[in-house]
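Each structure below is given as structure tokens.
Shared between the two complexes below is chain A, which has chain B as its partner in the first and chain C in the second.
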Partner chain A sequence: MNVRKAFGAPLTALAIVVAGGAVAMWLSGVNPLDGFAALVAGSLGGTGELSETLVQTGALLFPALAVALAFRGGLFNIGAEGQLLVGGLAAGAIGATYGGLPVFGILAMLCASALAGGMWGALAGVLRAKFEASEIITTLMLNSIAFYVASYFVGGPLHSPLASGAETAPLPANLWLPLLVPGTRLSIALLLALALAAALQFLLARTVFGFDLRAAGDAPEPARRNGVDLPRITIVALALSGAIAGLGGGTLVTGALHRFNTALSPGYGYTAIAVALVADLNPLWICAAAFGFGMLESGGLAMQAQAQVPKDVIHAIEGVIVLVLAARRFVATRVEQRV
Partner chain B sequence: MTIAGVIGAFVVLLAIKTTPIAFAALGGTLGERSGVINIGLEGMMTAGAFAAVVASGATGVPWLGAVAGVVAGAAFGALLGVLATRVRVDQIVAGTGINLFALGSAAFLLVLVYGQPGASKTVPSLGNGSWLLVALAFAVALALHVFLVATPAGLRLRACGENPSAVAAAGIDPLRIRLLAVTAGGALAGLGGAYLSIGELNLYSDGMIAGRGFIALAAVIFGRWTPLGAMGAALFFGFFEALQFVLQGSSIPSEAMQMLPYVAAIVALVAFRGRARAPAADGIPYERNIEEF
Partner chain C sequence: MRGIRKAFGAVTAVDGVDLELRGGEIQALVGENGAGKSTLAAIAFGALRPDAGTVERRGTVGLVHQHFELIERMRVWENIVIGREPRRGVRIDTDAAKRAVRELAARNGLDVDPDAIVESLPVAMKQRVELLRELERRPAVLLLDEPTAALAPAEVAAFFATIVALARAGTAVLVVTHKLQEVLDYADTVSVMRRGKIVAHFASRGVALDEIARTMVGGELPKVAARASTAPVPRVRVAHLRAESGDNAVRDVSFEVRGGEIVAVAGVEGNGQTSLADALAGVLPYEGSIEGADARGVIPQDRLREGLVPSWSVTENVALGRQHARARRGALLDRRGVLQAARAIVERYDVRAPSVDARVATLSGGNQQKLVVGRALLDDPAFVVAYQPTRGIDVGAAALVQSRLMEARNAGAAVLLISFDLDEVFALADRILVLYRGRIAGTFAREDADRAKIGRLMAGGT
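Let's turn to the complex of A and B:
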């Protein structure tokens, strides 16, 4: 395997983080060495820090896998953010009203979140397959619609008198996902995400559906002529993609936040695009990339607190990574064509 | 208040809510007609709003703030333009990257410049001068319509969005036209952002664009990719934004009206199918063929 191809994207991303971070720290009047020390200490420095990084890793893994699945099929799902949010809303709605056995409560929350996200994705799929409406636009619009639907519910029907802001009632502890490390927010959601990555890798590499999906993404016209049912692939792929992102929202509700509000995601659905691109849309590499971005998310807070570098710079750096990697993909293919 | 007074107040509110969406939607229309989808409108409005506040605060001259907003928007427009033409990156991914970058760096620079997160200090605003920008939005819509329909340059620009190879065959570089169109479109979006920060208000706060770039994207579609249509769509969406203020505290949930532009865009995509459509080469990178040279 070509070394440049395998490690080019992660190394490029790392270079951007180091260069962009150093510039931002220097602008903030902070010695970059101190800034990066705070970032690393804040993300890996102890059990609590590492656990929080792994929470963020899991939170990014679901939408990143969702994005990768759709992108591999040539479908631009920029709607992971909205799918995650409706998933979280569905889980929160069940959690706030459930009264039966806890085990089934957790399962019901996870299933509902996948179902809600899946329907949100399938809607874009149907609009694309049956009505020729670009999934780029519809998923983007559905993000905003999801936000307002969720904000209506937490402000109205699901609003808890116990909560200070617009959010659902806190979940009882028996509806929490089991914790991996007591005293932290790290739950088995991470294991679920890793299992999902393995399953997605298998789906893409070893199944007929995965082959058809990749064919539809790489060469839709030949694929169609060889009997691939493109409308079906479109709907199923976007529904699956939405279900994965929605499940991510559900695990955040039962695993980390233990309630639902519209601040559930600080933009995981958009950061996920950067994660997926860094990993070249490969589910197993995405696990590693999500850990890297998870470090940024959790370490960014520490960097802000200890080194006074505003953590928003993390998102600016992610933007540069997306821009450079989008450019790099083209450059790489052009170099290969010349050889 | 008399009925005339109520209507007058509503029209003022309508104009204020329509203008920023209109500028960005006109910018988006210009880009898409040349063949480049601009997902980054939200980021360009953010850049324009932030630059306008910084420049107005630094110089004390609000109109220089408006100019800075235009320049900042144009810079991001040019960035998307270069990426979409010379480097041929995927336009959707590049637009998403621009949004992430613009929103993140504005929040970062806000702390750097004003020493506090969340919002800037207040700066000199355009005051009544902002009505010139409202008028300008309508003038730009009309001018763009004439430009696209009745001038040779407008025809070339439209041809780039439909069939760039034909433009190249006529000896004109379609990539240059696309770059210019997206840069001008970014400038308009930046002006829309500047109108929000120093026209309607007198400060920058995080998240103040609040999805208007995406509403503008919806307006491009709802306006069937024409400048006058985009202006009409901006008025339509502005109407519902203004209505939210009027109906505050009523039984109609404000979220229902806030999500309306996005629902309308999806409905429009489905309903206009077959009658109006996106430019044929919208979003498709143009590659020169060897035979053309």
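Let's turn to the complex of A and C:
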């Protein structure tokens, strides 16, 4: 494969995204150059900006890895958002009531978040494996259920009298995840996410479970006939996927927000689907894609504040990215078929 | 077609071929796996663009694929009229469509149920649907890629009766095939391909089968391994087996397969073979008992839909099915072991792939089959289930596959061969069971197997 082939497509894609973004900004009466300058400055322009971008990267990485794991097994987990939310709720519940050693407190919160998210995912897995209920529908519906369950808890049993809105009491500072860069929100959650990406890559490439999972995703019938227990894979994969997303929710509570409320995620679980697909469901590429989307999340605020780019335009740019990459896949498939 | 050339990467599949198809003539195109036949057919059809050369067509071209291209979840009539549905306003005129399909089927002597869902049909029926779909377009040129690979002898005759009638009515027919006897029986002329070139062109009247075969392989024919004398030992015992998948069922079947013998199940497709094979392979629930079949190697009926993951490499496919046994080390895959095994299979089974990292989907059918067989026999299984192990592969590859099965038997394996091909049954079997409507209609030892009698039992006679 020559260099042009290897890099040409992504560069073309990037060019289209930039052009699409420029048109959207121009249409909304903003000078595109100002907009992009604000985006770059706001996401990479200083320690604070870069840290915030990395916070967003980490926040997207957990659900994106969760989505990728399930998708590789042929399971369309659209429910990372809900799994993330119940994970955050579990962490927040423990954080609000915990009174022991801080180290164990943080661990307990993270474990509880993974467990809660895992159970949320496993529920969809069991429904699929035992009753053939489409996981696309169930995971999506479970998102709504997660939201209302969480709303109930923060409005009722876990509601803090100190808080202004519906949220749990703030965590004591000793239950916060250690920071990577003092004075920012960037915690070791990012390292955890990167380690998880490496672990997922290893799981898929080297383990028997990963092998079975990929076989189930790529060719279910040959897989079934060659010793892959499809119902078991379905349940375990959705449970693991949910656990990763739930853990992401837990790290947001202990690492960034330091309390739980239902606005914990501005849709990370949905954006994560785009992140995972853009990266071809490859865990290492997902790290790069999460950084790119993280830039938009953090730099978007600057675009809004400094260049007066409407938030909707930023969403439109995200949309263009997804569209372009989906088209790239389509073109790739077409080329392959012609051979 | 003139001066046709087509390369895939470094491999030149078709290398300067001239080919002419005439209306009213059946031309056969033969050659080993990977000789370039399917590629040439795809170019003639227009599915592939040649790198060089010109293709001239008069009228439409129909292609019946080796791997059926049907929409499995739709009904027979829907598959046939697809793209040309008769309409009533904006709606499909269902009655007219079904009527047209029935008439088309009757006119060509191809009996099908228009309302059947394609995925529930046996292979022979699917092929019939595929042919009907092409005939519906009244093609001037009809290309058939391995059309009889899955058909029983009687079905082959019926199929070619249709094709001959079409040719006599003026259609130009090109048959890509491995079955040389069919070439002699039905084709008017035969072109032989080897390594991307047409190396010979015969009138099929007056040419000997051996001569075509030798031209194909470019030398002497490989021989099937000799049958060694063995002392069979009890191994697999099947008692009162009942199993059902779709409309394919075995009803109360009992037999034994001993170590050191090949037991062949002869029969026309659709008499319970699929259920029997799936029950023995452990992928279909059953009643009754199967003993001694745990250490098994399975050669499935359909290599692509059941045996292999097409988008994976040769190496990864060699691990498939063995990932919970020999190919694992604790929770990890034994990557080095799998790589060695893949190289050993490629070597021992002459699997022609650019490398063991090549995607299986890019290999020719014969090479895929050799890979499946190699994997099934890799760990010296005590019991082998081989379902149509030489389906759609060339004489050289078929001889190799049959030899490896015979060698497994000679080394003490219990082999159950399920085949619709009586030649294969007689070449390999120590004992023959005839399966008819899910029951065993007769059992014969090799020495006193009577071909005529077996043929009658297969058809439900006595």
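Heads up, the rule we're going with is that the second predicted complex is superposed on the first by the 316 of 339 C-alpha atoms of A that agree within 3 Å, B and C clash if a C-alpha of one lies under 4 Å from a C-alpha of the other, contacts with A are read in each partner's own complex, and residues count from 1 in each chain.
Methods note: a contact is a pair of C-beta atoms (placed from the backbone, for glycine too) under 8 Å apart; a residue touches a chain by one contact, two chains touch by 3 or more.
Keep in mind that what you see is a predicted model, and the values were worked out from it rather than measured.
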item: Joint occupancy of chain A by chain B and chain C, clash or fit; value: clash
item: Contacts of A:208 with chain B and chain C, given as first, second, both or neither; value: second
item: Superposed model, chain A: greater residue contact from chain B or chain C; value: B
item: Chain B versus chain C as contact partner of A:69, first or second or both or neither; value: neither
item: Partner chain(s) touched by A:224 [first = chain B, second = chain C, both, neither]; value: second
item: Chain A residues contacted in one complex by chain B, in the other by chain C; value: none
item: Sites on chain A touched by chain B in the complex; value: 24, 27-28, 76, 78, 127, 131-134, 136-138, 140-145, 148-149, 151-152, 155-156, 267, 270-271, 273-274, 277, 310, 312-323, 326-327, 329-331
item: Interface residues, chain B side, partner chain A - complex; value: 37, 39, 79, 83, 87-90, 92-94, 96-105, 107-108, 110-112, 117, 211, 214, 217-218, 221, 253, 255-256, 258-259, 262-263, 265-266, 269-270, 273, 278, 283
item: Footprint of chain A on chain C - complex, ascending; value: 8, 48-49, 281, 283, 298, 300, 305-312, 316, 319-321, 323-324, 328, 331-333, 335
item: Chain A residues touching chain C - in the complex, by the definition given at the top; value: 206-209, 211-212, 215, 218-219, 221-227, 338-339
